[in-house]
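Next up is a structure, given as structure tokens.
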Amino acid sequence: MSTPALELSGLKKSFGKAEIIRGIDLSIGKAERHAIIGPNGAGKSTLFNLITARFAPTAGTVKLHGENLAGLEPFQINRKGLSRSFQITNIFPKMSVFENIRCALLWSNGYKYSFWNIVNRQRQLSEQADAILDQINLLGRRDLPAGTLSYAEQRALEIGITIAGGADVIMLDEPTAGMSHSETDYITDLIMKVTEGKTLIMVEHDMGVVFGLADRISVLVYGEIIATGKPEDVRGDAKVQEAYLGAALEEEH
Amino acid sequence: MNEQLKTDPTKPAQRMRAGGMTITLLPWIIAIIAMLLLPKIFTNNSALTIMNQMSITIIFALAYNMLLGQGGMLSFGHAVYAGVGGFFCMHIMNMSDFFAAMPLPILPLFGGLFGMGLALIVGAFSTRSAGTVFAMISLGVGELIAASSVIVVAFFGGEEGISGDRTYAQPFFGVEFLQQEEVYYLTAAWVIISAALMYAWSRTPVGRMANAVRDNPERAEFLGYSARWVRYYSFVASGFFAGVSGGLFAINYEILTEENLNAYSSGIILLVTFLGGVGFFFGPIIGAIVFTLVQTVLSLQTELWAFYAGSLFVATVMFFPGGLAGLIMMHVPAIKLGKWRLLIVPYFKTLLPAAIGILGLCALIEMIFHYRHGATGDNEMTLFWTTFDSHTIMPWIIAGAIAAIGIGIAKMTAPDLKDAWNEANTMGGQS
Amino acid sequence: MDLILVNLIDGLVTGLLLFMLSAGLTLIFSMMGVLNFAHASFYMLGAYFAYSISLALGFWMGLLIAPLIVGVAGAMVERYGLRRVHQYGHVPELIFTFGLALLIEELVQFIWGKNQMPYDVPDILNFTAFAISGNSIPAYKIFMIFISVAIFIGLLYVLTKTRVGMIIQAALSYPRTVEALGHNVPLIFMGVFGVGTALAGVAGVIAGPVLGTFPGMAFVLGSIVFVTIVIGGLGSLWGALVASLLIGWITTFAKSYNIEMENVLNAIGIATPENMDENMFRDFWSLTSPQIADILPYILMVLILIFRPAGLFGKRTQ
Amino acid sequence: MKNITKLGAVSALSLIIGASAAFAENIKIAFIDPLSGPFASTGTNGLHQFEFAADYMVNQNGGVLGGTNFEVLGFDNKISPKESLIQLQVAIDQGVRFIVQGNSSGVANALTEAVDKHNRRNPDSRVLFLNYAAVDPALTNDKCNFWHFRFDAHADMKMDAVTDSIAEDTSIKNVYLIGQDYSFGKAVAAAANKYIGEKRPDITIVGDELHPIGKVKDFTPYSRKIVNAETDAVITGNWGADMLGLGKSIIENGYTGPIYTYYAAGSGITAAFGDSGKGIVRLVGEGQVNPPPSDEAAAYYTAFKAKYPDGNVDQTRISNTIGMLAQAIEAAGTADDVVAVANALEGMEYDTIWGGKVMMRPNDHQAIQDLHIFEHTNEGIDFPYDNSEYGVRVIKTIEMASADIETTCEMKRP
């Protein structure tokens, strides 16, 4: 078996006395679309933040393509090919939509901290950015300040920024949160399109999205994964039914 | 103000707001021609000196805006980079053999390098985070260097500073820089070069990422860029251009003192930059020009200049946070829509009375000041080319009436202006 | 030994005075996120108002009324100035207070002129309270200590025992939550700003007679107040107290004992170079502690920011 | 847009500068000193004294050269060397040929160098720099030049006078030196050490220290040291808020001996010291005001107070400056050729209304005059300061003080 794209082992995180993540072992293969679901407060976003080094884990390791990420800064992890989006929209609001994408392209195109290239002159860079804008259907909004976009458009832009760098592991944190049905469909299609051939890890509440997208699903409850497997297996899992789906249904009504 | 922008997003006007400025060479060519012609119009030395002062402030303010406007770093001690660059230039001026073999126009380059050197050291620990921590470290370091300037006499020359003579440099194509006009052209050339370089910097990958880090450092980190390194590069570049302005100061004034380093100068440059507008590349240029005029020319007219400058500044922050440049750029949508003509008459109706009213108010302030602090028996004062007795009631009534009527009319016509403004910024209708 | 005791008392007076300024500033900062650059200007206004009032009604009425006027002025500034600028973000807010500081200084010069005001210690307190081996401790200093401690206790009581204090404390840590709970946050802001500036006003009233009432008095104190709250940790009242006392004592002791750099360097094993006159660092070698006493807090601040950006007692860095 | 703004602004600028250049009749004297900011009170008061002196001594007596008047123009330098140089340029363009300045030796140093360079580079518009108060000895020593004249006694000369006074008082055994940490403060300390060592080797210098300039909030720790050192006399060159803060703190902490100062009068300081400084604060300076040395002096002071009720004549050398300039212009027969005026000033002996003579030493352009030690008091004060009942009264006079003080000046003449 080849090295998994992302491998978590014994991952734990405590804030003071509160143990939020209580030992997670998870292995996600290459080009797999993996969804993490679970009730509110289960620790999904915390798990994301642990993987991307936004928080330091209390114990355990995160391996990307077999390489231990311990002690690395977020930007170093990103350079290794892991990119993420955020639950709360996290874009550059004062810059134009085009600029948002272009910034996301700079590092992977090898520009690094250069101050001898004028970005406007790099035609290939602009073409790439426009191609991504086309992919996320924001070409028409190209020169607007990103902060003035609608919510769904901003979420789309966020996904665009996340994938632009060409990372092969993409992590999306609730990409459809707070969206209407039509917007959700639009985003789901978009995710489908842009993560073709890449490893996708997403946290999501909308079961429609989850079951439509994911190859495999993990269920996180109180900082522990109680089930991992194919969508239909998880759906049928009694533990999951009891711990999560029931609660979720109750919540909805 | 933003809510009034209802233009079509695809219009270039919007592109300008979002991306800064679209590149055209035209403004640069106009600037170069203007700078070449200005000394032909204003030939006296004082006008040249004041224009040189503007130029130096322009470079410094643009360098400062690399931090504040483009990088989101608020510095309370940036004068030290300009000052230290200038002090080194002055020491070079005093190294007779070396200086005699060096053409004067390259001296500011040394200022830049030493300014950059200091920024390399300080930036190593100050750019770790932006916000308050950066601001306070800059304040602390600024105070320390300013304080050491009076203690370390060997380098800073104490309170008297150190001085030199620019004319000892190697003549540059026969020019010895004896006259202000020659110095003017040297300074002007450096302004154009520095401004062009700083503009180009804002277009480079690291310059773009400076904006990204300013807006959202965390997101930038997840794009592969270390926010700290991006800030560091901006800081060092800003230190370089600040140093260049220090070098030009050394050439112009041939003396550097503690004032080139102190907190007051650091505060002033913040004021200048913000007044001009941090959101646009050319904002600091306007700020530098306006502030130099206020400080140097208005202070010839009234002792209360600092009071007016302070009021202007506070009013700018309160009502036009985009600064003077923002005020100008607000009109771009209307111009692009071809509807700016709609604004002329309402502007005339509102702004003219408002200006007259404010002048009336200033007259009242000047009269109070004269009444309280003028010499006994010396009741005559001259204001706006009119001489009158400040101890009689009539001028007070007139000034009060002008202020009240002017501002009153402006208040009455303000709603019309607002309507016209909305109309001019709305698409459609006849233009 | 006796001199140490005297210095402790002097440092305490300086420190407590600093605390009255920094307490208000740190409260304002933690509530509103605004570093109020004009804070020392309100201190100056306090001294000037008190002087003018004392001419007509005597020192004690000045002590009573001036802080109230300053507080109201502060609240007005918040209501009609800061609140407007608030929408543009923190940097414009900070720059607004910066401009306000300049404006207040000009205004003071416009109204009171540019000379130092003959604002004096009231006669009833103008005697020597006691002496420690020839060093007289003026009664006014004891009075200053008394007032500052009383204010500190009052502040502590309000913050920990009253409802308003609870809300403020909660707002220090969770500003958004407090707003979500339906409290009138703008009103709290205005109140905190008013009280904070009024505290600065009190400091001005009692410091004016001893430290001088002149247009530059705000500038002298302005940045050191920031240094204090940064060292103490932004938003921490205890931090402000500890840092104020620390700065008070450090500067007092540094001024009281002539420690020479040469001796310090020799003590740690660096020999004095020969040909001192030609040495690049000759000015550095001849430094004495009183020379640098008032810049020590800046050194301390930079070091703290490098190694512990949150300050001594702070939790938040931003 | 930028260029339009600039163009408009600069045309306004030349209009303003050009406007006053139209009246070329008067002899213009540019007063370049702080008129705004923290040092404005000293500057404004100085400007008033110059305006009054020009009016009272020259214009009301028919002017010079058969009817030409003096006109004093105020230029606000914000006590900044940079601004001073800009204003100098503006002044020269307005046709000014005489520059007066006094506050801050740093500014004086910048100006004297700039004037020297300007005169070298622009022989057509040469100017003279009449320094009425900047006392750094270097200005008439190492840094002297032909265009600079100093009408005040410099720091060393004043210290010579102070130490004369201390030397006479045999009860003084311990002297404490304290000053601001910059060139002037250091010069005062060095001179005090030198002269005390020469005149009274038995006196111990129990303290010799500098404090940061304009940064000290509370002088108590310094005062403690002064009191604890059993000091009999304090010498300080402090000025402004540092002077008042130090003086009040020393007195408040129980010191009762004399404090010898350079700048502890006028500008609100006299009023602020009030009763507490009585008999303690002493001052060295020229120009006797109390008791008035002559009827002319009394009349001058009275006329000044009538015009400026809030002002003080605390710099009598200002009237000497104007008087000597007028006399030099008369002697040279021109106000345009500043070399001739400078030559006339060199070696001039001038009878001042404040008693005695002022002699402008030719080899370094340093005025030699009577120096006095004054005492801050409310007894025998005809002309108090700051509209208080306190003023300064002469307690000792040194005639033609330090007339043969050495100078290192090597004057280059045009």
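Residue numbering begins at 1 within each chain, and the chains themselves are lettered A, B, C and D in the order written.
Assume a contact is a pair of C-beta atoms (placed from the backbone, for glycine too) under 8 Å apart; a residue touches a chain by one contact, two chains touch by 3 or more.
Please read these numbers as outputs of a predicted model, since none were measured by experiment.
Counting only chains that touch, the fewest steps needed to get from chain A to chain C is 2. When the partners of chain B are compared with those of chain C, the chains appearing in both lists are D. Across the assembly, the mean Cα position most removed from that of chain A is the one of D. Of the two chain pairs examined here, A-B and B-D, the one linked by more C-beta pairs in contact is B-D. The distance from the centre of chain A to the centre of chain D, each centre being the mean of the chain's C-alpha atoms, comes to 73 Å. For this pair, chain A with chain B, the centres built from the Cα atoms lie 44 Å apart. Here the spacing of chain C and chain D, counted between their Cα centres, is 35 Å.
Looking at chain D, one finds that residues 40, 44, 181, 212, 215, 310 touch two or more other chains. Annotation for chain C: residues 113, 291-292, 295 touch two or more other chains.
Multi-chain contact residues, meaning those touching two or more other chains, do not occur anywhere in chain A. The touch graph of the protein chains shown belongs to none of the named shapes.
Chain pairs that touch one another are A-B, B-C, B-D, C-D. Across the complex, chain B meets chain C through its residues 68, 72, 74, 125, 128-129, 131-133, 135-137, 139-141, 143-144, 147, 151-155, 263, 267, 270-271, 274, 304, 306-307, 309-311, 313-314, 317-318, 321, 369, 373.
The touching residues of chain C, when paired with chain D in their complex, are 3, 6-7, 10, 13-14, 109, 113-118, 120, 128, 131, 134-136, 138, 210-212, 214-217, 219-221, 224, 251-253, 255-256, 258, 288, 290-295. Put simply, chain C touches chain B in their complex at residues 35, 81, 84-85, 88, 91-92, 94-96, 98-100, 102-103, 106-107, 110, 113, 223, 226-227, 230, 234, 280-284, 287, 291-292, 295, 298-299, 301-302, 305-306, 309, 317-318. For chain D in complex with chain B, the touching residues are 1-3, 5-7, 9-14, 16-17, 35-37, 40, 44, 48, 51, 75-76, 78, 80-83, 85-87, 89-90, 92-94, 104-106, 109-110, 113-114, 117, 121, 136, 181-184, 186, 212-213, 215, 306-310.
Listing the residues of chain D that touch chain C in their complex gives 38, 40-41, 44, 181, 209-212, 214-218, 220-222, 224-225, 227-228, 241, 244-245, 248-249, 252-254, 267-269, 271-272, 274, 310, 386, 388.
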